[in-house]
Every structure is written in C-alpha cells, then in structure tokens.
C-alpha cells in the first residue's frame, strides 16, 4: 500500500515539471507588462524601466524560468508584483476557504448524487429514471452564475433565510487563525456562534458549486449500478436471500462506484475552476477570486503559482482516487 | 429486476430552487447588522495597504482614514486645506517650499510625529518610485527633503513645478518607528506595510482583520490630532467587505447588509435603489473625464478631417442621457469642465452624422484610408466602456465605417499604449483626479514629452502646445497659468486629437442610516470621520 | 409422500421490445424427496428461467401465465417477494451457480459473503455461523477452512470456488438444493470429484437436488430421475435408467446421439431451437425432427406414456 | 443507424435531447431568417432599452434596446460554431494520438500519455484566461484554449479502446493474415473505437457551449456586439434583478441547448456501451 502510494507520488513529479514549463512559457509570452501596472496610473517611463530591471523582467525567459524553478522547489513562489506579498502566503491564506467550499459542495454532490444514481438505475428506463436523468442533466447545463444569482434573490433576499455573501457576518470577530480553515478555527476557539454563522454562509455557494458534480455523480453511479446489475453475482446474492437494502447499498454499490470515484477525482479540478465564478458572486474569500484578480491585473507570478497549485491538488486527488480504488477492489491492490 | 425500489423517493428533490427564478423580486427582507457603530462598506480594497505603493481610487479609503497628509482636499468643489501642516511658504522662484507642522500629533503607536517622519515618508515615496511618486520623481531628489527643525520640513525642487503643491495631499505620512523594525534588506518595509498600518489617521488598521482584497477592519483612533469635537457620534469601526459583482453589491445594499457601495454605481440601478425603503443614491460631481483615444500616428488618424469625422459621429447626448441616465455632464473639453483653465469660448464637437460624412469625404479626398476596418479596444470588465464602443460602432456603421469592438483589460491596454505601433486605433478610458490641476489632464495628455505613457496615448504632437504646457508647468501663480492653459486647450481642440465625451458624476448607494458624509472629488468621499450612523 | 419439489405445467412469458416471448410453455418437473433430478436441454430452452422461477427472481417484464410450483406442500408462486426472501431462499432452497467466479462478489471476502446469507437465514450467533462454515468447508475439502473465509474469490482455484459455493448452498441447512450446471466451467477431473461430492452430500445432509445441465454424461453419473426440456416444454420425464435405456422422444434420442460417449460419429441436431417469440404450430420439435409426420405440424401433442414408464410429449405416444 | 434510431426512440430523455439538438441546429442555420429583428445583431436603439417582454419583443430588450428574442435566436449559430470547432479540433488532435499511443506501445505511447496527463492537469479556466490575455480576449482565443484542454479526453478514450481492441482476437487474426498496420488501425480499430468517441463528443458539445458561456461571462469569450448567450448574461448583471428577462432568456437558451446535447449523449452511451446494452 505504502509502496503503491510512493510510486504514484514519484510518477507525479515529472508531470508537474511539465505543467510548470508549459504554463511558464505560456504566461510569459503574454505581452502585458507587470512593470507598467506596478508603476500605476501615474507611472512614468523612467519608473517603468527601473521596475523592469529591479524584478529581472528584462532578462531572457530561460533565465527567468530557472530562477523561478530554483525558488519554487523551496516553496518560494516569489512576490506578487502588485500586492507586494509573497504569493505562497497569499495562497495559503486563501486556499483553506476554497477547500472548505469545494469539500462542502463535493459532499452535497456525493450524498445526493450516489443515492439518486442508484434509484435511477434500479428504475432503469421508467419514469423515475427519466425524470432523474433530465434533472441531473439540468444540473450540468445550468449556467452556475445565473443559478447563483437566482439563489441569492430567493433565499437571501425574499426569504432572508441565508446570508447573501461573504464567509462570516461582518460584525462578528474572527477567531484566532490556527489552521486557516474558519470552521475548524471557530471550533478550536470554542466559538459555536462563529461556526454556525460560517456554515450558514457556506450553504448557497456550496449548493451552486455542487450542481455540476451532482449531475456527473448521478450519471456515473447510474451507469455503474446498471453495469453491476448485469453481473451474475447479483442473481446469486438474491438467490442467497440477501436483504434487498443491504444488497443494493452494500454489495452492489461497492462494485458500482469505481467509475464514480474516478469522476470525483476529475471533478476536483473542475470544482476549483468553478469556484472562480461562485467565489466572485458570493464574495467567498478563496483562491478563485484571487486568481481572477491576478489574471485581470496580469499578475504572472500568481497565475503560475495557482496553476501549479491546481495541478498539484489534481495530482494528489488522483492518487487518492487510486488508493480508494484499491480499497474498494482488492484485485487492483494486488496488481500494484 | 422485478423489484422496483424507490419510485416514491424520486419526487421533488431538485425541483424547488429552479422554479424560484424570476418570481423572486418581491419584498426584500432586511438583515440589518445589529451593531450601530460599525460602518460596513462594499467599496473595493486597494491591491495592498501601503499608500506609498498604490495610488488609486480604492487607496483613498486607506489614505484618508488610516493616514494623514500635510494638506488635504476638502469640500466640493475641492479646496486644499492645512491638515498635518499648519501653514507653508514658497520662495519666489517656486523652488523652495517649507511646511510647518501642527504640534502634538501622535501616531497610532503613541509616538509623536516630527519633521523627520515627514522627511522619511517623502524619501520612502521617492525610493520606492511607485505610483504616488509620479508627480515628484522628476523634480525632487531625496536628499533635498530635509527637516529644518522638529516642526519644519523643507523641499528644494530641481525645477519650478507648479503642480507640486497640488500633489502634496497624495503623500501619506508614515511612522518610521513602526516600519523600520519590519524592514528587510532595506526594502523600506514595503512587504510589511502592504498588510499593516503605520499611520496617525482617524482610524487604525487591525492587521488580523485583513485579508487582501477580501476584507479589512479598522477601529477608531480616539486620540486623533483633529479630535472628535466635530462629530460627537462617530463610527467606531469600519468594516470593508468589497463586493466583486455588481449584482451582489446591489443586493447587499438593498437587504441592509452594507452601508454603502463604491462610487461606480451603474446608472440603471439608481431608480431601483431610490425606490427602496432602505437605501438611496448620492450623486456628486467629480473630476473624471471619459475619453475615446485616437492613435494620431496611425492613418487615417494622422488626418485632421478623419479625426473630425469620428468626433462628429459619436452620439454624446444619447450616450449620456439614455445609457447613463443623465448621470454625467457633457464635457467637450480635454479636461473637466469644472476646473480652472477652460476656455469657455471654445466650442466642442457635436453629434452630427452629416458633418461626419462631409469630413469623411474630405479625408478620403486627401487620401486617408477611411475604408479600412478599425478597432476600438475596451475594458471588458467595464460595462460603460463596452456600451460606449457599441454605440459608436452602430453610428459609424451608418456612415460606412466598420468598427470592431475588442475586449481587453487595463494592464494589457496600458502596456500596448507604451509604443505608437502597438497602441490600438482607438481605446476608451477615464482620467481621474490624481491632483487637482490642469497638469493632471492636458499637461500630461498632450505634452509630447509624455509619449509612452497611457495618458499621452494619442501621440499628439504640436510644438506650440508643448511650449505653452511647459511654460504653464514652470509657473507658480495660478492667474498667470490660466491663460496659458486656455490657449493650449483652444489649439488642442482645433486639432481634435481625441474624442472627449463627459465629466463623470459619482453615484454611490448608501443605507439611509448613514448621515453626515462629506464629499470631495479628490478621495471621492471615502473619508469616514464625518459619518454618523442613525439608529 | 409429497415430492420435495413439483413444478406443474409452468408457463412464463416475458415482454420484450420485440414482442412477447413465451419462454416456458408447460414445464413440469418432479423431484422426490432425497433424490436427484436432472433437468436437461440445449441452451435457450428455458432451463435458467425455470431456476429463476423457482427462486422467485424473474427478469423485469416476466409474468407467470399458468402452473404451480409446489415446494414442501406450498405453492411458491403465491409467495410475495418478502416471504420468498425471508422464508425460502437460502434457508430452505440452496443454490449452486454455474460459474463460481462470476457468481461471487469480487470485492468482498468469502466469509463476508457467506455469512451475509447465514445472518438472515441460519439460526444461532455469528460465532455459530463461522463454526458451521468452517465445518462445511472442511467437509468440502477446502484447505485451511478458517483462513479461506478471510480471502477474496479471485484467490481460489476454480474447483475450490465451486466447493465454497456448495458449502454456501448447504450453510443454512436447506432441504432442497438447486444446482445450475455447476461443473461446466471445470476440467474433467475436477468435474468428476465435484459430482462424487454432490452424490455423497445428498445422503449425508438429507437434501434433494435439482441438477440442471446440458450434459447427459453428467446425468448418467449423478442423477436418479431425468426431465428433458425443449423450447420451454417438458418433452420427456422419467427415471434416468429407463430413459437412457430406451429414450422415447425423438429429441431425447437426438440429444443422446450427440453425446460423444455414445455417438459413433459426431452428429449435431440440425436447425436451432425456435425463438420464444415466433413458435411454430404443432409440435415444437417438428422442424428438426428426423421422424416427423404430417400430424406433427398441425396439433400440439399431448402428454403420453412410453413403454419405459417415462412421460413423453410426442404424437407417437399420445 | 436505423437500429440506433429505433432504440433511441424508446428512450424518452434521449429523444427529448435529439429534438432539442435538431431545433438548435435549425436555429443556427436559419437564424437570420427566423429572427424578427436580424439587424439587432449589431444595431442599437437607445430609445427602447431595457423594455420588459411584450408582444413586439417577446423576451424584452437589452441595455442597447436590442430585441433579446432575436439575439437569442441569432446566438445559436455562434454557440454551435464554437462547440463544433472546439470538439472537432480536439478530436483531430486527440483521436490520432490515442490511436498511435494505443497501437504502438513502448516509449512513444508512454510519452504521449504522459503529455496527456500533464495537459489534463492544467486548469482549463486559467489556461483560457491566460490565452485570452495573450491573444486579446476574443472568441478565437477562447476556442483555442478550450480545444487545447479538451483533446486529452479523446486521447484517453481512444487509447483505452485501442488497447482493448488490439488485443482482441479478430485483430490477432488480421495480423495473422498479414493486414497492414494502417489498414488494421483505420479500417478495423478506429470504427470500433468510434462509438465512445461520438458519445464523448456529443456531451463535449454541450460542455463547450457552457464553458464558452463562462468565459463570455468573465469577459474572455465573445466580444460585443456578438449576440452571444454568455456575454448577454454577463452584460445583464448590472441590470439585475430589475431586468430579469435580460439574463433569464439567454440563460434558458444555454440551459436547454446544453441539456439537449447531454441527454442525447447519455442516450447514445446507453445504446453504444456494450455492457449496458445487454440489459435491453
């Protein structure tokens, strides 16, 4: 098991290096000049030239790349030329919020999506199946930003049940920062009020973000269960008098979710991208809005670091997916 | 499977939310923050908190609340009034300026402010050479800022520069005793100050309540040197909660979870806010002009008739009245019409497609390539610039000119504007008030020595205009400068290098509990010390 | 004495996209207590549907159009799904599947799967269950019975897996065991060992065995009684001995002629089993029968009795 | 083909999808003939801006007084052009690479699949936004970015199928009788690997329309005055919630179109996927 994980980790490194190279070249061929932006609206040409030299922006691109890689391996992703803060610090500050959001939405997707997928498969080609399929596809098809605004109008404005935006009521004092995850920090500080308030803020963005994943999970679970239902062992287990609920939710399900788990891994990359829009609309202080800001201002250091980060998260999640596959199906583990 | 499970479980699981849609705009529940002493603003935050690194509209909120400056613009129209300084003197040649500090000013850490701290602040600005340094870099060397005595600062300029005094309020005075312990490799503490405060202002930055671009908390500085006598019930805490989306910002104002928006409220939202029980829109004239630039080096824009053709093809009043809901004033000059130096006799260009056609014919006769496809670059994230361009596009199409609207972003546009070859045919932007002086507009937009900066991206060159602008810049007395600018502007307008459209009106949404706000075009009303929250 | 199982004139049809398929059309099988009956027929003639019908697990769209399934004096066809599951499957009818690898859930341990059935259908505690399983596995000559429970299906050989499933079928001490071609997936030697084992178990555990196969060799080796099915109909039924000595129905004769042990040269039966969707009039075997008469194509033959004592569905005997 | 249609006709959601897709195709081809105000693709009419739905303007008018109904119809062509181009380019790149990697094996296969993995790890949105900066925000750069991130999906599918098929008995037989490699690959493997590719492509068409809309929303996709659905929603944000019609109708257009492609793709998958096929 450990060897299996280690091997996967080592295999990931060249991929990340490739990712970094491609992104670096791509981003550095963008013509926008950070020095101009740094000098600000009232900048003069002399100011700009000075800044360019100061930040090594006048060096050849290869030199810039190797300098960057040399630092990146020590988790130094440089300074954002705009905010003047170390990029690593900024990202660490914001990543927990995004992880909270994506985790919550993934939970919603899984907890709803898997049962719905199973129900859909058990009712294969009957009306419940049709209805579930159309609804799950609606989840993929609806434009998240439109849906988000509708949720805001209904739940935050008309009903006033849930907060409109942000991650905490403005007047509430934040607990001391320990883990960076506001929910955990609130619990560590024994601040139940903050914890509950935070969860209330989490609902609408998480629901919005969960839509696409929900549909994907329904659809792959459905296909997986349909596939499993064809297997001889299902008949055998019924003939052996297994209780129906346990047969479906334990013995069939475990055989059916392999593809779903793979999809959850792939979803994760998409979730972080989806967070860009959702975070902007709900003013969620995560990595998504930070990325958009960086792109809009042409902050190349941040764009690079974010790409690398998302790539890494993607790789880690996919290693986890392999591990889960192994846990679900002992045959895979033996093949290593 | 003969067994069918869960038909009944299928029901209305997903149904609820989607149906809600358009029905949802009925009564709005308000979720008033219970705290009557916290002022919550949805206005944007600057990219970092260091007033010597950033100088833009969001930074005004930091500069005016957390920091103090020697002089400050107050009131509407703006007057420059003594703030940290009690008074100043200037030598006749306009080179030596001395500022006398008020006594008893204390920084947030309790240490008293001296002339040395002012010297430190200016030297820091010059060393960092970032945005706010622009006005000073050419005329002021760091060693020429000195403390004559603990209460007196002296500046010796390299050359006479009239806008010097107008730019003095753009420099915040910082506390070296707070900064220096946190400085790394003589970086003037710029990493540290990017997320902390080191000022003397009416409010203190709470570093733990800050996440870049997301939120910022400030609390009242009871010991501010101005005292609180003029506002017995001030706001105790300022909570910046920027809203990134215009729709979210509006909703937050309407449900009472913020006390104000930023000053870029779209005109189309005004009616809706004023109709609500809880909020209203404050309208203020500002000095912020809206311009369509033409690249005068690219044919046919090197042809004056071609430029005039374009100038007559823009539907100024349609844009202002119908799209902006009348919340702007037509400004035919290359400068805000409420600033001194305007030649009131000069006539601008009006929307007249007949004239435009005539100039079109003239330009074609002179060999100008009017038939080629033109591009206008806009800031995609800014709805107004996009709409203006689209309106222009529709009108030009009527006189047979093809215009393509190209979306872009500010940093790309300013980078492109650095060279005449990469500068687009046309692009759209505003010129805000960095300091209240004609230099901020015509001086930097049409003096050819500024070619290469975005402000001068028309690449207009007229030696007579250059001479007039340079003379005005080196003259100290306003009454002597005024005719020079009027003359220059007449000449510039005759050449029609750009299309000047309007001077803005700032629209800012407020909760009705906000009282006592004071507005000044510089800083755009970001100063919170006057505000009281009614219960 | 009541028979352990008596399927009487069972008729089952399935609604499909192409139309109504009459998969079983008057099948009768009788299994006397303590005996072994072999159900023989080509693929597609309804053997699996028969098993599914007895277990009460019919595919979607299937309906029972007639007949009865008498089991220990009760008609299984009137049982609800719940009753079948709680009172019949595993506890009173054990099942041995055809392909043990396919039939075992690949991602659960053997122990988990076998104990899951016992959990609902065998008396006693989990510890008792484990003890009984270990005993049974030992009896089936599975090496290291206790360890076997902790292993996954793919970690056994084919023969061992079949022994596991025989043990599973007996785990809840049923009176009737249904075996669905349990030896087809095995090599000849293993096949022989398994058949010997089954033979012993019938006496030892006091069960009755319904054995479905297409192989007359296996029948001859194992069974007491025989029931030949063709196109969803019982065509000949009687004791193994009598039928093998004097097969009466042309289909039985043709099947026997195909068997490598008996055939002089390899001959197949010409033609194919008619589709359950489109069945010929008259005798269903007529199109392939070597001994066909004009009458065969007109009327459905009724059940008759041959000299051997076997029940035969052929005009020659009715 | 007719067999597939026959099966499809019994699958209600898939038929719904097919009807939607055909409908959108008709709009895309004949849009300018159908739309009541085809000129509103670019014209602006300041005097009738932001009018709610009425008889003359069934979906209301937008911020420049253009008929939203017309623009929704006219937008179909753009949406389909983007989707078809992106998926087409991605297939042109991804399918041959997958065939090559799957059939050849060895270091070449390894290299191709590694690169595929790397590209899959690039966050699509970041790449698209970066490219939009590189080439100025436009529909072309959006399409390029989407194609660049979409081809690996096809490579993976084709690779897996090719792997499976090239070890299949019939391919061995073909090798045995001396069929040439291109013949085996293009005449025998490709057609067999094609059905999952078609399924993926169908779903991809819907997906691309959606992502293009997100890019438009972020100002990185279509540029004004294109009657693009995503762009319309982006433009509408300033006028919400008052001008609800402005966002709602383009939003529904996206919703229905994407849903159509997805339902059709799912239906096709059910038919084409041999494992599920058994259940029918």
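Labels for the chains are A, B, C and D, by order of writing; each one numbers its residues from 1.
FYI, contacts are C-beta pairs under 8 Å (C-beta built on N, C-alpha and C of every residue); 3 or more make two chains touch, one makes a residue touch a chain.
All figures in this text were calculated on a predicted structure; none of them were measured in a lab.
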TODO: Determine the shortest chain-contact distance, in steps, between chain A and chain D.
DONE: 1
Task: Chain located farthest away, centre of chain B as origin (C-alpha) - done: C
- [ ] Any chance you could check whether B-D or A-C wins on number of contacting C-beta pairs?
- [x] B-D
TODO: Could you tell me which chain's Cα centre is nearest to the average position of every protein Cα atom shown?
DONE: A
Task: chain B-chain C separation of Cα centroids, rounded to whole Å - done: 87
Task: Distance between the centres, which are taken as Cα means, of chain D and chain B, whole angstrom - done: 42
TODO: Round to the nearest whole Å and give the separation of the Cα centres of chain C and chain D.
DONE: 52
Task: Set of chain B residues in contact with two or more other chains - done: 1, 3, 21, 24-25, 245, 247, 251, 381, 409, 412
TODO: Going through chain C residue by residue, note those that touch at least 2 other chains and give them in order.
DONE: 57
Open item on the list: Can you list every residue of chain D that touches 2 or more other chains, as numbers and ranges?
Closed with: 10, 133, 237, 240-241, 248
Task: Complex interface listing, chain D residues touching chain B - done: 42-44, 46-47, 49-50, 63-64, 133, 136-138, 219-220, 223-225, 235, 237-245, 248
Task: Complex contacts: residues of chain C adjacent to chain A - done: 52, 55, 57, 85-86, 88-91, 95, 97-99, 102-108, 113, 116-117, 120-121, 152, 154, 168, 172
Open item on the list: Help me check something: in the complex, which residues belonging to chain D touch chain A?
Closed with: 10-13, 16, 114-115, 117-127, 129-131, 133-134, 206-207, 210, 213-214, 217-218, 230, 233, 237, 240-241, 247-248, 251, 254-259, 262-263, 266, 269, 273, 275-276, 278-279
TODO: Would you tell me which residues of chain A are touching chain C in their complex?
DONE: 231-233, 235-244, 246, 251, 254-255, 328-331
- [ ] Would you mind writing out the residues of chain A in touch with chain D in their complex?
- [x] 14-16, 18-19, 22-23, 26-27, 29-32, 124-125, 130, 133-134, 137-138, 140-146, 149, 153, 157, 219, 223, 226-227, 229-230, 269-270, 272-273, 276-277, 291-292, 295, 298, 303, 306-307, 310-311, 314-315
